[in-house]
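Letters A, B and C mark the chains as written, and numbering starts fresh at 1 in each.
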Amino acid sequence: MTSDVRGAGGPAVDLRAGSRRLGEKLVLTLLWVCAAASILTTVGIVVILFSEAAGFFREEAVSLRGFLTGTTWQPFGGAQGKFGVLPLVAGTLLVTVIALLVAVPLGLTSAAYLSEYASPRTRRILKPVLEVLAGVPTVVLGYFALTFMTPLLRATVGQLTTISVFNAASAGIVMGIMIVPTVASLSEDAMSAVPQALREGAYGLGATKRHVVHSVVMPAALSGIVAAIILALGRAIGETMIVALAAGNLPNLTYNPFEQIQTMTAYIVQAVQGEAPRGSLTYESIFAVGALLFVITLLINIAAARFVRRFREVYS
Amino acid sequence: MDQQHEQARVDGHARTPVATIADEHRRNGARLDSDLARQAAAGRTVRDDAAVVFDLDDVTVSYAGFPAIRNVSMQVRERMITALIGPSGCGKTTLLRTLNRMNDLIPSASVEGTVRYKGADLYARHVDPVEVRRRIGMVFQKANPFPKSIRDNILFGPKATGMTFDADDLVEKSLRGAALWDEVKDKLDSSALGLSGGQQQRLCIARAIAVEPDTILMDEPCSALDPIATGAIENLMRELREHYTIIIVTHNMQQAARASDMTAFVTTEVSHDEDGRDRRSGRLIEYDRTEVIFGDPRDTRTEDYVSGRFG
Amino acid sequence: MAVSTPERISRDAVQALQAPPGRNRSERAFKMVLLVTTGIAVVMLVVLLLDILVDGVAFVTGQRLLQYSSRFPDQFGFRSGITGTLSLMVLVALLSFPIGVGAATYFEEFAPQNWFTRLAEANISNLAGVPSVVYGLLGAGVFVYFFSLGRSLIVGAITLSLLILPVIIVASRESLRAVPRTLREAGLGLGATPLQVTWRQVLPQALPGILTGTILALSRAIGETAPILVVGALFSRRADNVPWDINDAFSALPIQIYNLVSRPQQEFQAQVAPAGIIILLVLLLLMNSIAIILRNRSSRSN
């Protein structure tokens, strides 16, 4: 082959890359390093959390089992401290459940309205408003929970029961409002992705719009909706400032939403502000709680991604 | 019966009673000699006395003010299969969707002229599109079963419309009606998405039957199916004709010739608006018995189309 | 049919085609419920903003912008918070923009379909779900202690940059993906190398979208409290020069707000804190306006 070409037109054309391509290789390598930076971030998170947490579990005062099953969290007593993480987990769950009770109904109905009823103009106004809500700094929401929601609750529900200044309910309600946009935006994507053919099929059978929305569109978008709720759950569990400001700092194993509690994230914030020199039991306990938080949110993210993938498979 | 109801009207032409046209064709003999013409002529009974189900008078359907199909006047008769044929983009689907107010779902769509269904103006102010669709079912181009079980697909419509029914009876009756019962009777609770394309389309027909409509609109129901599945649907249509009025949009002339009793030919016409720009919109060219359309059409555009010289 | 006149048929049929009583009402009620519940979130946002404005607007004065923090509520100023937040913003932009766009360009234009690419992509979507307080622990453990950078401005900036990197990468990839394939092919057809096409044709086209995404991510970064609180941002940091030494200790507006809200004194919590919130929200509003203007301009030119 080669000799034929040469025979036909003198020396063969040189199709190899010129030397300027060396510089390009360098730039490409640089871009690759940028892409790898995010992997380094994950590696950094995993290594730092688990190495410090490992140090924590090597201490005499703690055991992994005692950490995961203990019901008393008194971390500031040094070697006399009690490190049972369940009160923090329970506090986190309590606030999260309240938040989801607020966010799921509001988010889903918003999504259904935006996807199925709203005119393009209404959508153009409402969606940015929801984006703004999602962009309000959480420290501001914490202020709102403490200085607006708590007094509101005490003036209303407070007539029936005692509500402490710091309580899970107002933090949970405000957090729920914060994650409405998360639920709404992803669920709306899922509902909008339901093929028009399915809606037409239902209309063609004489279904009313309401029936189409709740019997065709919502079931068909279910895995997308579930993904949205799981992601919202992840945000609620990891949310820090609202609970640090409004839910209190009392590790308290309770179901009562009007009592003071402490979440995992609030503990981290509380502990880093106090005296926690590196290597101390308190310092290591922060990372142990952080590691637990990381594992929980990681599992939640993996679950959400699985539902998103399932949804894409059905309607691609 | 009212004289007007016995006429098949074709836009712009003098109103000629169907019987007269047919007689004329019998005298002249079929001019076109083709497979299509022979299929169209094969044993068919058109009941001249059948009641009028749809009566369209000067109907124009526009999207965002631009007519997609205009000035259509025609009458569709009971318990016949009426085919709408024509090149793609001519507006035949738009016309079909006008008959059960499916176009209401497109915000920019508007309908002028009158569409009468058994004498009632479909676009009158007090008419509820949901009630219209209950009576006038629809089967779509691409099978669109709900991602639910076969049983739930059948029962969706009856539940949505608040019918009182015996679930097992209705499921069996509808599936038998769509010639699907024997194939699925053992897996009624499995997902409809697991059926083959042809089975899915028959399920959609069964689903439409379940709400006991009296008319079924079919929008190219076989365009995504293989020949065997298509044959099954066509056989089914002939059976359904005993009880239902069927209007089918198809771009497959073989299918129109084989399966329909009446055929309407729609094509795209270019006209000029005030600014001299081209406006394309569909026109009904000819509407007659299927054997006339395929054997001895009156309009050269119809002849060109059915003989394959156009479209 | 034979026994009825057409008029009679017509009247019967019209009646039959009407909606049964109550149905239209229940359809409307359903729509109203959806509208009202959608409105709740909007109303809460309005209440939140009004509440803060009412509480704090009287306490936003020129001296609050210019003075340092104080033990006395009426002398308290947000100067160190404002300069700290602005310094963080500049540093975070310098760090996260090139790395984020570089990574996005790699994934969108050059990445081969292999295990590394898949791993990196899955990793980015997971990082987006990691709580921000965990990034703070990363910053504290790795940069404050392991690299011995101390509780410094640069550590705060690195921490926030890592936090918003996934956001910038995702937004930049979307902008790059929106550049038509034909543009790339045209460049390649003229003998340009893929890198030249990316640098000269694709990136300039995608830039407005990338900038919009970056500014929105930056506004998220400067509203964050937990990560910089964990790496040791201070409530008050007296310094005379702006910009500060990046190795120096730092403060930020959200940190000051957090601290003021947690104080027991009523004046700090109910007057000074909302004033700080208003300053922070105005800053965020400015950034978001810039992003929206950029987005509108780019969508108009396309």
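We take it that contacts are C-beta pairs under 8 Å (C-beta built on N, C-alpha and C of every residue); 3 or more make two chains touch, one makes a residue touch a chain.
Just so it is clear, the structure is predicted and the values come from calculations on it, not from any experiment.
**Student:** Centre to centre, using CA atoms, which chain is the farthest one from subunit A?
**Tutor:** So the farthest one, by centre of C-alpha atoms, is B.
**Student:** Which chains are joined by the largest number of contacting C-beta pairs?
**Tutor:** Going pair by pair, the biggest contact count turns up for A-C.
**Student:** Taking the mean of the CA coordinates per chain, how far is subunit A from subunit C in Å?
**Tutor:** Centre separation, subunit A to subunit C: 15 Å.
**Student:** So what's the Cα centroid distance for subunit B and subunit C, whole Å?
**Tutor:** 53
**Student:** Indicate the residues of subunit B shared as contacts by at least two other chains.
**Tutor:** Only 130-131, 135 qualify.
**Student:** Which residues belonging to subunit A are in contact with no fewer than two other chains?
**Tutor:** Each of 208 in subunit A touches at least two other chains.
**Student:** Pull out every residue in subunit C that's touching 2 or more other chains.
**Tutor:** As it turns out, subunit C has residues touching two or more other chains at 23.
**Student:** Considering only the defined contacts, which subunit B positions touch subunit C in the complex?
**Tutor:** Per the touch definition, subunit B meets subunit C at residues 1-2, 51, 116-122, 124, 126-128, 130-132, 135, 162.
**Student:** Can you check the complex and tell me which residues of subunit B touch subunit A?
**Tutor:** 100, 102, 105, 130-131, 133-135, 137-140, 142, 144-148, 156-157, 159-161, 204, 207-208, 210-211
**Student:** Could you pull out which subunit C residues touch subunit B in their complex?
**Tutor:** 1-2, 6, 9-10, 12-14, 16-20, 23-24
**Student:** Could you pull out which subunit A residues touch subunit B in their complex?
**Tutor:** Against subunit B, the touching part of subunit A is residues 195, 197-208, 211, 215-216, 219-220, 314.
**Student:** Spell out the part of subunit C that touches subunit A in their complex, as residue ranges.
**Tutor:** 23, 26-27, 30-31, 33-35, 37-38, 40-42, 44-45, 47-48, 51-52, 55, 98-103, 105-107, 110-111, 119-120, 122-127, 129-138, 140-142, 145-146, 162, 165-166, 169, 193, 195, 216, 219-220, 223-226, 229-230, 232, 254, 257-258, 261-262, 269-270, 273-274, 277, 280-281, 284, 288
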